[in-house]
């Protein structure tokens, strides 16, 4: 015989704490250094743990490339869990130019086509041609790039060791804001004329 | 002579930061991935750091066992400190059936009686008979059990490496909700009849 | 003019520390709680950051499924970086049965076919049918499953928030080792006959 | 029918990584900031996860108290798991004098007798009389004490949020080594005569 | 030609996540175990990342010393970043008496004069005379002191491995609050008369 | 009377664990993801916790700047403690050009002269002129610069939230190794001629 009532004494003593096994983001509440506030567990549904939309991105842009992100602001179920993902599409001849993720390692999984990927250190370049079925890892905070080095479209999935990895394109950092061209030249050894030329492309002023 | 006033210039520059040496949970505020909001330090009292009630639990239930928890939701002073505790009572013949704590290691301290405890890996069972004065550790996330293998009541204290360790009883996970019996059978290799029989015990539907 | 010699005084003071931006595993040395020893930076090459072999796995087995892992023991470049990956192939009618990763969150990226995936808590089932382009997250340590619920082969990529996530199949934990059938029955509420039947399938003794 | 051979293809791809779900200390190898090297998984047995000896300590000493520790150096199975324990016995009139654990929160579980426990901040004392069934938490790094404030022996179990919490008795720090008495007096505002008197008790020189 | 519009499709998919590369404290909102809530990124300015005021402190107090802190409550830009700083001025003959930072390692950078600094363990004193250009590290939670052992003012900068390291002066802990003199004597082995004498200096009652 | 012998029973049970309050690096042993192996505690001396040599660096180089580092490889006492430091000297007109620390936040403490410091995000520049007594924080992984914007030498101390923060100068990453000029041009939008011109300065080939 089952003592349902007495069973529930035990169960309730056990289960009330289990709500914290996950913390679905309440994106309307403020962020904290460890992530967003948790939604009330009673309002969490299976939909919070699903993200739709890793379809082919539109690569008709200056990079001939598209990045579709599933970061915590897109996908509240990953809040606080230290992981996120993105889909990368690069048209023939295109590239994701030099960039960093300040607080995340990136793992690239090749799905289609050929990408030459690499990261840079002061003493070495670690770079490889990747084909379907290959993985490449870009350790946290390293400057890296992905170039379509094959024929036709290339597609890859990216996983990050943070639920909000950021993505800082070097060109946008240097040439997309209002840092003065002289200061950029001084701190990069680029010619001022070169700086101004690229600023025109990325919307930088000053 | 003591320059009390000047002393306080130094003291106030030092002491204002010390409030963060602890963060007593404000359980009415939202949770975050790192724990609950901190109560205002001015409202914290010694009572926040005490928990009463590790008395013998009522073991008259289907498991012949009782778990009394002192997790953060019971004991706000442990918020953010990565530790919590519970008291375990198992009547003769009873057990805490197979379960996991998804985000915590468990340390068991035997106080009375005899418990056979163990955890399971794909290749081995690590199991021991424990008597008064013995400790056993269940590494984080491992499936484990505790059985009263002696005569009379057994009592133990449990410590966890998380302020909110959760506790997921395998039977409740598999047989206490509305996951379809066919799907359970497919993903456990149990017979459907067996699944339905245990569902009747733990309140599962479908 | 460039003072190459003096430049190198600065560069060497800066660059000697950069070797720690990654720590490629020396898999022949002992492991530690934070991961394997680092290979000497002078022996690291681009090949350490590449993994080959996410090809279709052989699904002719009892699960009609295959998991190809790129964990730290397969892919030394991810050592210490808190991320890893796997490829999942499930033939029509197959499944990855109930399992946990004790110390890692899992992110599933659907590539082909249809998978019904979910995880279980004591009070709810969070489950969805996933198609190409969908993602699903299984929070750390939760019991979960993946079933091919469509027609034809299904393929997904998995990312984990640990470089060595483990993978514990419930059937192997319960029925693949020498834990006594009586103890299993007592701690799962399964019938002994059922336990022995599944043990025969998974090689368990006792 | 069971395809044992094909099954093992899947199992071996899955199970090789699971060895890292724990890391039993090899106490003969060097320590690292994250803990000791892991013993080879093939040499791990259930005994590694058990500690014997939480028996009543000998309280016939200057403190009339005994602390029996189960830290990683006593209990290799807890290596890297962020938890440890101790048993505390205090004879009537005895105490564990002022001390800190530099890198661990302490949770005290009262088993017998009465202990007055507390910790000190620059602005407050958080102190309580504890009886059987009470818990008290000493947040990480706080100066704290435990005094037997009842009749007869008092016993408690302690859990720590570190596998190697240390234990620094203030008297030993100040009066048990060779720090000069003048310097101690200057940096504590104690009288030199008082310093020398206590040094005689704790073996300090200088 | 630049496809500005299409470029922005890519840019917006990339840049929306970058707001989390920092989390400037909203000091009016509640604290959490991981730090304060983040200010809205749109209200963050360069001023949030600057702290003014590491000028010479007023050392006319009982310690002949001054500590000027740049902790998170003084400097919101460091919220969640695990670092903070302070300026230390000690007049000739003065000292920062014995104290701990419960949750932070301290690094001392000598700028002017001579300081004898050290920390204490139960078995050793690690102490050195420091001059301009020397560094000293006090590991987390260790009891330590700094004495001006030279002629004239001494100045140092301190860095801490926490954005809110606290600072607990032993004299304030023991003699600045209302812990009873008898209990202090019992748990420190100090004479009651000595306790009362120092309490008079630091404002303690009881 | 003091029961020295019995006292030592207690002391030895307490003090053996305290060796782990620090972990001085054995720089001859391999590194791990959490840092270097710990030196045997019996060989640790006060000298392990001191670093000498924050003297004015030689700024006669291409940057007119010098960085003197006290990272773990220079200063073994900080191993595993999450903190390190450096001294920065910039001659008039000089600068530390654009660079990142992939795994560390940097805190700058101005000592002398004037430095304009800032970091870049895709949407903003956070930059300030700093004078003696000012602090500036560069959050982890952000691209940043320091320019002597005043008259005469400028000096600052830097603290990092890692014991081995690395330092990656953008010019060295892009122009100091053998990454092909065409690939650099493609992934930075710089002109090939500009790339080759700066490569000549920093020793790059290809």
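Per-chain residue numbering starts at 1, and chain names A, B, C, D, E and F are given in the order in which the chains are listed.
Note that in this section a residue touches a chain if its C-beta (ideal position, glycine included) is under 8 Å from a C-beta of that chain, and two chains touch if they have at least 3 such contacts.
Please read all numbers here as calculations on a predicted model, not as lab measurements.
The chains touching subunit B as well as subunit F are A, C, D, E.
More than half of the residue-numbered contact pairs at A-C reappear in one of the options A-B, E-F or D-E, namely E-F.
Averaging Cα coordinates per chain places subunit C and subunit E 41 Å apart. For this pair, subunit B with subunit D, the centres built from the Cα atoms lie 20 Å apart. Rounded to whole angstrom, the centroid-to-centroid distance between subunit B and subunit E, based on C-alpha atoms, equals 35 Å.
Residue positions of subunit B touching 2 or more other chains, listed in rising order: 11, 14-15, 18, 21, 32-34, 102-103, 118, 121-123, 125, 127, 139-142, 168-169, 172, 201. This structure has the following touching chain pairs: A-B, A-C, A-E, A-F, B-C, B-D, B-E, C-D, C-F, D-E, D-F, E-F.
By the touch rule above, subunit B contacts subunit D in their complex via residues 11, 14-15, 18, 21-22, 44-55, 70, 75, 77-78, 81-85, 105, 107, 109-111, 118-119, 121-123, 125-128, 130, 132-142, 157, 159-161. By the touch rule above, subunit E contacts subunit D in their complex via residues 95-98, 100-103, 116, 118, 120-125, 127, 139-143, 145, 147, 168-179, 183, 186-191, 194, 197-198, 201-202. Residue ranges on subunit F touching subunit C, taken from their complex, read 30-34, 57-58, 60-63, 65-69, 71-73, 102-103, 164-169, 172, 201, 203.
Every residue of subunit F that touches subunit D in the complex is listed here, in rising order: 2-4, 6-7, 9-11, 13-18, 20-21, 23, 26, 29, 32-38, 40, 79-80.
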